[in-house]
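First chain A sits with chain B, and in the next complex the same chain sits with chain C.
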Partner chain A sequence: MKTKLGQDILCHRADMNDHLSRLRDKRAKGQKLKVGVFGITGCAGCQLTILFSEKFPALMDMIDILAVPFVKEQNYKGHFDIIILEGLVSSKADKEKAEELRARCDLLMCIGACATHGCVPAMKNFMNHPEVERAVYAKVDYLNSLDATPVSKHVPVDIELPGCPPDANQIYAVLTDLVLGRPPRITHNPVCVECVKREVDCLLLQGKPCLGPITVGGCDAICTAAGHECMGCRGPTDDANLPAMIQALQDQGYKRKDIENRLHTYASLLVDEQAKMQGVKWEKKLKRKKNG
Partner chain B sequence: MARTITLDHITKIEGHASLKVKVDKGKVVKCELGSTEGARFFEGLVVGRPYDDATEMVMRICGICSCGHFTASLKALENAMGVKVSKQTQAMREIIVIGERIRSHATHLYFLALPDYMGYDSALAMAPKYKKQIKDALIMMKTGNEIVTAFGGRQMHPMGGRVGGFTHYPSPEQIKELIDLLRQCEKPALDTLKLFCTLKYPELSVEREHLSLLQKHDFPLLLGDIVSDTGWRIKEKDYGKYFTEYVDRWSTAKFVVKKGKSFMLGALPRLNNNLPSLSKDIQSILKKAKISFPSKNPFHNNVAQAIELLVWVRRGKKLLESYTKGFTREKITVKPKAGTGVGVVEVPRGILFHTYTIDEKGYVTKCNIMTPTCQNLKAMQEDVKIYLQQLLDQGVKKNEVPLEIEKLIRSYDPCFSCSTHFLKVDWEE
Partner chain C sequence: MGYLLPKSKLNTFLELLMHGSSFIAPVRRKKDDVVVFEELEGKTDLTRLDFTTNPQFTAKKFFMPAYEPLFTYNMKNQKLTDKKITARQRILFGLRLCDLNAVKIQDQLFINPQFTDDHYQAARENIFLVGWYCNTPPSKFCFCESMNLTHYYDLMLRDLPGKKDIYIDVGSPKGEILMRKAMKLKLKEHHEHVPKIRTPKKLKTHDIRKYFDHPKWQKTTESKCLSCQRCTTMCPTCMCFDIYDKTQTDLEHGTRERTWDSCHSKQFTRVAGDHYFRPDRTARFKHRIYHKIVYYPEIFGQVPMCTGCGRCIEQCPTQIDFVELINEMEDGK
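So, the complex of A and B:
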């Protein structure tokens, strides 16, 4: 059931068209969609992205936001049309919460790199973390720490909007699509496409370690437009050519070790999977540790 | 990365907190406040990474104070490598942090704290009746957001700066727009202060050290010695020496103590320690409202934040007005050098402490971070115990207790204030 980023994911869910027609019916009856915004382990930045957005008042008019524990005391306990979820699963409590929320909505929409790819915390999977935990705590049993994984590793996810933080305009656009009952437009082009659109001078050609060519766009190339190379916070595209990317950066004079670390910063699990498929051998010993 | 990494302590918290209290014959005998957020291990993850990567990664600790982590880590890394930054870079960092402070305080005051005092479930529910107030909050949040975006390139986890300087400069037009936005914020900020002066705060006074940075003639931001209201004063580089961290089994956030004792950080200590820099008009508003500082009432942290909101709106405007012609593009030249550096800055919730050890090639070998919420955790826990006892003695009804306790915890504006909206008081009697 795992949905892949970068594809027209909604077309791949057999029941998606049913969902969309139900959403259209609701609209025809003048009913607003019931939406909840929740968070599990993370930095709250994704929820703040929604709150800080200029579109927030418009969003409130468009949908019924019935639960946001971040800013609400009383939260709707029933079933939602859409649940927007931020954060990754890194403890038993997270897993249970994700399962509970999945069961309480028609469409589960994960926002942010933690929820979609595991973000920076997922790097702990590549360290020997029981030892790490023991170094920090005398007793580790109560931590109930699990591998740090994206939500889709545990429950089926309908829509994934990546990014650290995710793009407020994209969240708004996708919600608008859902309100209208049409398949959401989610780009699967690499960041380079958006750089060209914005006429940003290529940072890779300037010798910066930019991951734009292999990273999913939809962010409007905000980092590269600000003169900072793309760090890959939206995860790799499905057709990311890892060997070529690594070679290009090595040709610029970057060390293999640093390149590998960089590739693993925001989407370590997916990058690792893709590397296996493309026959990339990590020079650094990035061996996945299994923990229970 | 098959290496054994020793972590000095675990990374920071935001989302989920729980509280357990035990009352025996009307006496509070046990009170355990802690974070239940999953562990994220940031300090271990940055080891072995080049210094610029470290800044980028540690910002992800917190969405609300990403600019705080950004400036603290840059300061620490620059201290470690002996890098000096230009006056312009320093000013740009101050502006970005001011932007973050404005949006953070506005969010906390209006979205997290105010509904409690107005008898509402949330600011969203208040919106129909309190249109002006919510509009005020949104314009201030927007302004803060625009400042961070203009200087950092994005609204969260800024990418526009790195060790040594900035890679991104706002245009003179953008600066003009920001000044204009800040001008629009002055009245809302003033009204916010007046509003928060009229709220009724519970009586609670706790003797405890209040720590903050000290800056002459102004509110502290990125520079200054660390002082306490008892007259204690140290240099930034010594910050780590005075504090011990410990773990309690009910919390994934560590507790921090100073010589075994709790202390308070945040807007209230900043105000208490920097009272002389308060402008005349703010003083007269406080006088009229009969709220006097220094105050040891943690609920007054809300008033202190409202005061700061006005102070930062004004200071941000003043700072930007000295750069209306735009910024000069500066070349960043940093030579990696081995060393250890400390970076201490004031973030919305108090003093944030970062320290890094760098090897001669510029790779991080050690990192330690103490966030204000960890440092405030012990104080919060003690205050809950004292306040709860006070409530029980006053015969407050059991079903009213949770909201009162939540109000207290929220007044600290902890990074898990979001989760205390979930707060379930687990009674053991």
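So, the complex of A and C:
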């Protein structure tokens, strides 16, 4: 099953091979790739995942990081080989920024659940915007807020690495692949696979509301290995069996309303699209509001 | 051929076996009490042994780890270095007959005249298999009685019901070698038949080709299967793997690794051109069952690839029971 916003666009560009061979050429000539790290609406946690990783010094040797407006005042103004983008489009300014950045790079790599599928901010699409805004900000007239939507809704995206926060090892592995000019290896398998490989006693079977079976892995089952059920931050797999997941949780004694809330916490937009395709009707009043 | 070991001497016997080898056995994991195969650190760990439960996770990781480096490479000088395969002697103790037969199935595939997997073989050659006989099945999901198990072990220990002894059945020359470690116990030679294990749960037929288009497959998978792949990842006989390179950030050094993969995964069926050759959930579920019960025996003789350990049923988050499913088809329900 393909979803428009879904995992099938993790690495989807038709001319990806041309780009990869160009990246290989650059390396053969001894040129480093020009990379920028940018953010639009988000919590900056994804950018910090890169900056705080112990591999960061090695990354600096591997590529030229010419722009990180989040921590640097002077930033390169030209064209990049790769732009790493955090955050989603939630205002007019975000949309313009996303369009500008898209035009300024060959490969656009979105990191984090906000950028890839809307994450927590997308919950506001199910509420009344003025009410949400007034609850959060003292002054609201300058906000120009839009529905919270992933970057791929607005501009073509080449690579998406989900997660709240995304996994540093996965980001590094993909960057290494790109520098070497090979197609990045990104798993589409659910969290359960990594969970079993780590020999975690299944939390779902113990009655905890784990979303691991329908959630894209790549995090090495970090939550379940620590005893916390998977909350689905990496979004549903392109193959998620929603009715069966909901039924499994109901069989464990969870209320339909709570299950629906949980499914909508990190991936409301994707889950909604899949629900439509699979004929799942929400019992709770989860309706997209007509906002900006 | 075999020996009688007084039950009171079991610990001494195991201590003697442990001497000089790595000793792996079912123990209760400290953090959550789950029974797993673990390498014991010393004699004191023998108190953590568990004889009542078949470990939740299988012993296949000792033959082919979940993530296994195959070789390292250096792109600068174009050199490959084979991963040093450790030749340490390992004793795997406490495998049930089902898991011992799982080793047989993997042996048939990875060590055969047409093809030998060096890494598997190196690990396998240094492993001694010491089984623990099931007087009663440890789980209600066991159905090994229906799976044509054979006596595939170096030694098998059977706690003789109502007697003071454990019968040690020697199943191979390697088992005889291992027994030399316990020479000073001066065990009495003895021979008796190791009986077939009886399980209340049974698979009524292996002849399931005729059910290939049965509507029950689809009904069950659509309503229950999450395609989570727990079943295949936990299965002691599943042997599919994926291979990839892990390059270090210096871009010169790297490791080629393999990791377990699964036919339940949609990505597993993805080939060039973004084509999925088995995109349908039911087709994937069926492929697992048919590989186990039909395709494998067609290639390797009449032994199915499923040993009846029951893990894929007990550990499926929605408890899909393929044995029940086939039985219902057979009963015409």
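Here is the rule we use: the second predicted complex is superposed on the first by the 267 of 292 C-alpha atoms of A that agree within 3 Å, B and C clash if a C-alpha of one lies under 4 Å from a C-alpha of the other, contacts with A are read in each partner's own complex, and residues count from 1 in each chain.
To be clear about the criterion, a contact is a pair of C-beta atoms (placed from the backbone, for glycine too) under 8 Å apart; a residue touches a chain by one contact, two chains touch by 3 or more.
For clarity, every value in this text was computed on a predicted model and none was experimentally measured.
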{"item": "Overlay on chain A: chain C relative to chain B, clash or fit", "value": "fit"}
{"item": "First (chain B), second (chain C), both or neither touched by A:Asp201", "value": "second"}
{"item": "Which superposed partner A:Val120 touches (first chain B, second chain C, both, neither)", "value": "first"}
{"item": "Touching partner for A:Phe38 - first (chain B), second (chain C), both, neither", "value": "neither"}
{"item": "Which of chain B and chain C A:Phe80 touches, first, second, both or neither", "value": "neither"}
{"item": "For chain A as apex, the angle formed with chain B and chain C - C-alpha centres, to the nearest 10 degrees", "value": "110"}
{"item": "Partner chain in contact with A:Pro190 - chain B first, chain C second, else both or neither", "value": "second"}
{"item": "First (chain B), second (chain C), both or neither touched by A:Ala226", "value": "first"}
{"item": "Per-residue touch tally on chain A - higher for chain B or for chain C", "value": "B"}
{"item": "Chain B versus chain C as contact partner of A:Thr49, first or second or both or neither", "value": "first"}
{"item": "Contacts of A:Ser90 with chain B and chain C, given as first, second, both or neither", "value": "first"}
{"item": "Minimum distance between Cα atoms of chain B and chain C in the superposition (Å)", "value": "9"}
{"item": "Contact residues common to both interfaces of chain A (with chain B and with chain C)", "value": "none"}
{"item": "Touching residues (chain side chain B, partner chain A) in the complex", "value": "1-7, 9-10, 14-16, 36-42, 44-45, 48-50, 53, 56-57, 60-64, 66, 103, 107, 111-112, 115, 121-125, 127, 138, 141-142, 145, 152-157, 159-160, 162, 167-168, 247, 249, 252, 415, 418-419, 421-422"}
{"item": "Complex contacts: residues of chain A adjacent to chain B", "value": "39-49, 51-52, 54, 56-57, 60, 65, 68-74, 87-91, 93-94, 119-121, 123-124, 126-129, 131-133, 135-139, 142-143, 145-146, 148, 164-165, 168, 222-223, 225-228, 231, 258, 261-262, 265, 284-287"}
{"item": "Touching residues on chain A, where the partner in the complex is chain C", "value": "1, 27, 55, 58-59, 61-62, 172-173, 176-177, 179-180, 185, 187-190, 192-193, 196-197, 199, 201-202, 204-205, 212-214, 237-241, 243-245, 247-248, 251"}
{"item": "Chain A-touching residues of chain C, taken from the complex the two chains share", "value": "32, 34, 36, 56-57, 66-67, 222-230, 233-234, 244, 246-251, 259-260, 262, 265-267, 279, 281, 315, 317-318"}
